[in-house]
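Structure provided below as structure tokens; questions to follow.
Note that the chains take the letters A, B, C, D and E in the order they are written out, and that residue 1 is the start of every chain.
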């Protein structure tokens, strides 16, 4: 096993953990946390595996394209988190609920 | 032929630009000037629709178009590519979008708060749809998917009530989860092929490491199925579509769901080369077919059991999505007409379902509720709206000569050719069930209205936009000779000259 | 990158274990506040991992956005989710009243 | 239920399809133990599949690092990540800024902001921003500038600005009048607006394409866009933190 | 890009279009008319009906002289919507165009002052549009299109009254016809995938594949016949028809004599002759079972009719029985039998519409809905009952009325084909017909008047039932309104005339012989 593959596997583990938590937990804040951890896992796969490619300079910098993509992904994730939290806070204010009401996920 | 002016050599690239940037810029202006949002929004919506339709004519006349964004060649930069498939879906979006905009201008007339947020978000959504249909870059598609998802979620939440919020949150979670699965697939594709351009990935697929590629495709398709609400993943759809404001429901059901379906189709056709490469493609197609068939039955039965009109329509969407996926096993086994059928069903469903939701909105606005059993009084006073609903129902049922009929006919033809009688039976049964739930509503038009309640008036813009959409769904059935050549445009994208040149360039760049 | 030293491996392994442990605790911790704090910690460790993978831009962004802003958003939301329901009722119609700019 | 504003509070339970809605039950754990075990097993299988995919990837891998390096000179900046973000794949970045604006619109449409964290700020929190804010703004400016040739750029700088906004908000300070609503909107859309405008102009130049920066002006254009984007990102992140429209 | 319409649309392609448009356009306009605009609406209705009759007459002349009318509209890649007018189409066209005119007149009188008239006449016109479309269909796809359109446009007519019973009837009607539509669609598509064409042709178009796919063809035949059999009310698919009696009388007249049932029967004729070819069908062993079903339907309908006290229900079961004469004529493989079947298409229509008009008059004027209430009604409404009598006797098969001609040719055809059992069926059916019609006639003419209408002055009785004083005032001079009386008298006279003048040129019989000659290449 090489370093990129190692981090790729760690990323996949994060994805699976996040998915488990997403399904198991009912509290919406936890679902948001789970999605964030999942996305971190995906980003780790993206960047970790990029280390396999020959890079420039010493020490070789990571492939810039996945980096740019992950930057984009991070910003999208924070936007999603912000929107989700606003909706959840609003739901709580209206109904007092912090879950979706009917369990069972999606 | 003057239409050539709209093609690749003439205004074509500018029209591509307009299709994405015009609604986007309009959205910003609407956001900055809330007071003028409705006026500006409506004008720019009509302009966008005109530009998109011109683009479709251009594609029809002059063939597919390509734009290198930023002027960079494919592996490095992002391509916009407009072929028949995307032009057809964009045109459908334009028609639905224009009508929904007309409807919304009337619908939100008295609710300032909803109006100020509806317009910018809706225009962004439209820009995202066009961007998605144009993009030929897997990662860029991820961004457009997220854009689309967030816009849809925000619009759903506009309803403001607890039901709308719950629907929106569920939608957001599902949407983000689906996008993440898709992104995971993109990551693996990038690491397997060193590019995210669709054509280049397609060229690399035969040599790509197998398990990685299979997992990548599985992850991408699973994510997209989640967003498309195919059968076991459909649970989120009815609450979201059923609780949003009427124009929003129309957009969600008619367009947003189609976007992720389009992407599945795109991946299947352009990246996997139609899925007949090896056994696993076949196997996946069969799975999709089974899920689609289950969706048709399950969605229709549930639609029939709903007591509320908007939920009925939403479950009908679940059922109709099933048809789209039933095309996969049929097409993979050699019935290429099944693709045309699925596409036709997608277009017809877009028009018809938008008409249905808009009519439901008018009924709801008029009667103050959408309980089907008590619709009589509203239905009697709004004959145009009812007509729109019924005509849209004709297309949903798949009766001739509507667009839905053509789609079903093509699917049935493929099914009978291959002797797949079970699929054929499901297609037919779905039509009968659709008739049952459509007439469950329409039947109320003929019962004597008992209650005279104080009812709100419905502006003519709301009634006519729905009716025009429904008529479009019917007329679509007569346009196969026009649209069929359109769908052929760019089907051989993988071997077209500009792309093979790009493939050569990657080969140089990657080594 | 074939020649990775034992020290490198130890460092990678340690970081990975820490990362996974933090993620697990953040997801499983019964108390929401603790979960959010653990998530912020997770983000910071992840930033280290990015740096370790020579993705310095991502590391910076993760620290600022992933851990910082997201953490702040989560904490703020946590505070807003805490108060009793009664308060929410009064401004329940907030969203429906439009305020002109 | 599209018109809740007319009938507030009456029967708004979302109808669920058959899967009996347990309504207000607030069980912290959604699934029974057996289902969780099965789920865990299924996810283990999923992990196996994903791991197999990772392990099967070729070594050394294809990538675009070389292609980026080759064309870096034409991009106007010397830092490859910035070149990718704002030139090669600038369109992604544009859409990403739109995502942020959209999240802001969505958040604002949901409701009004109700203060930052509810509680009165402690003494530390009241003093801290005064010291930190100017420093953070300085660092943000530096990150933006350095992004042209080293790690850094609009996103990192913008999020620092957002951090400044969050700190100010937490310390209970109100925004200066010039930063109130209309200009807040202007700032929020500035990044997208500048990006879109320049991108469109680039397309309309003879022989140009959307977002096609002429190499000679590329650096100026990119810095302009980054500046606008940084401001927008900062404003939007801070506004997201307040959780509603001002 | 192929043009949707050929710009050089020749006159012979235009005519079928005009026939469609002459009811389609008035129908669409009528939807938008206010309830009160009676004159405009009536003018549109009658104008359309006369125009259509004129166009049809023009085409009759043309076809008689060997002209063919055809219009094509590309729909699917290699399938077109085709309107084509041949002899068989014309027979059905003349029937529907003529009877539409009479039914419109009748409906104008019948529905005076009732609510939702715009809606009613709108769908009425669309319904006829669909019927003439069915008549002119040049291939199975076009047939399917208009057949489904017929379903959709008749549903509002069936539920027009809006009562709970009407709603239930509507549901039953839809369930039957929608399932039938699915069967028909399945059969059509399957057939298309095998045969590669759907264009109707004399002697059918399946002979090429008959040897290779006999099983599939049998299944397709069953699907197609099942699809049209619902509308033709073949047992056991007839359940909707008696239920649909809740509709207003003009609708019943339309359903039974002109549009729905007739379209179904016409469909059976098309499928046996123009899709499969009667000899091919016989070779595949398909006509035997079809004849059996027809025979069962004939007997079953007649027996059920015996036990109905509700007049319209009795007539409905009579329809179930009589329509299958057409199917029987088709299924007995032989030229004379087919002439009998085809001519019955017209004869049954004329006679049955007379009966329904009369039943409607009784219900509208005197409030009579049941056979047991008809005692002595002949004295009160002699003209109506005279028409009724002629039609009923015709149904029984009394010469020289129309029904006799049909039965005569059916019997001859059976003998010619060398089978005897249809004769027994015909005889039994005629006896049963007599058994359920003669008591009605007896009651009407010789019974002692009883019931509310017998004691009260005419005006009050009429006003009481129809709810309008106008109807009563109108009835002072005539036995009922002129518009209500004229149509049954005309159709009764017609059913006499087509019998008497059966051998004149342009008579239905001559036309059927022509069809047998031209389309099927018999004698």
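Assume contacts are C-beta pairs under 8 Å (C-beta built on N, C-alpha and C of every residue); 3 or more make two chains touch, one makes a residue touch a chain.
Here the structure is a predicted model, which means the values were calculated and not measured.
Would you say A-C or A-D is joined by more C-beta pairs in contact?
Between A-D and A-C, the larger count of C-beta pairs in contact belongs to A-D.
So which chain is farthest from subunit A, going by the mean of the CA atoms in each chain?
E
Kindly work out which chain lies most centrally, taking the average of its C-alpha atoms as its position.
Taking the mean of all protein C-alpha atoms as reference, the closest chain is B.
With centres defined as the mean of C-alpha atoms, identify the chain lying farthest from subunit B.
E
Please report how many Å separate the Cα centroid of subunit A from that of subunit C, as a whole number.
10
Could you put a whole-Å number on the gap between the CA centroids of subunit C and subunit D?
From the centre of subunit C to the centre of subunit D is 15 Å.
Could you give the separation in Å between the centres of subunit B and subunit C, each centre being the mean of its C-alpha atoms?
35
State, to the nearest whole Å, the distance from the C-alpha centre of subunit A to the C-alpha centre of subunit B.
27
What positions in subunit D touch 2 or more of the other chains?
Each of 5, 8, 13-14, 16, 19, 28, 50, 54-55, 57-58, 61-64, 66, 68, 81, 88-89, 92, 96, 99, 102-103, 106, 109-111, 155, 182, 185, 237, 240-241, 243-244 in subunit D touches at least two other chains.
Of all residues in subunit C, which are in touch with two or more distinct other chains?
56-57, 61, 65, 69, 73, 76-77, 80, 91-92, 94-96, 101
In the complex of these two chains, what residues of subunit B are touching subunit E?
60, 337, 383, 394, 397, 399-401, 406, 408-410, 412-413, 416-417, 424-425, 428-429, 431-432, 435-436, 439, 443, 445-448, 477-478, 480-482, 484-485
So in the complex, the part of subunit D that touches subunit A is made up of which residues?
Touch residues, subunit D against subunit A: 13-14, 16, 19-31, 36, 39-40, 43-44, 46-47, 50-51, 54-55, 57-66, 68-69, 80-81, 83-85, 88-89, 92-93, 96, 99-100, 102-103, 106-107, 110-111, 155, 233, 237, 240-241, 243-244.
Which residues of subunit A touch subunit C once you look at their complex with the stated criterion?
Within the complex, subunit A touches subunit C at residues 2-4, 6-7, 10, 13-14, 17-18, 20-21, 25, 27, 29-30, 32-34, 36-37, 40, 43-44, 47-48, 50-52, 55, 59-62, 67, 70-71, 74-75, 77-78, 81-82, 85, 88-90, 92-94, 96, 98.
Within the complex, which stretch of subunit B touches subunit A?
Touching subunit A from subunit B are residues 139, 142-143, 146, 150, 153-154, 157, 161-162, 165-166, 168-170, 172-174, 176-177, 180, 183-184, 187-188, 190-191, 194, 226, 233, 235-236.
Can you tell me which positions in subunit C touch subunit D when the two form their complex?
Touching subunit D: residues 30, 56-57, 59-61, 64-65, 68-69, 72-73, 75-77, 79-80, 83, 91-96, 99, 101 of subunit C.
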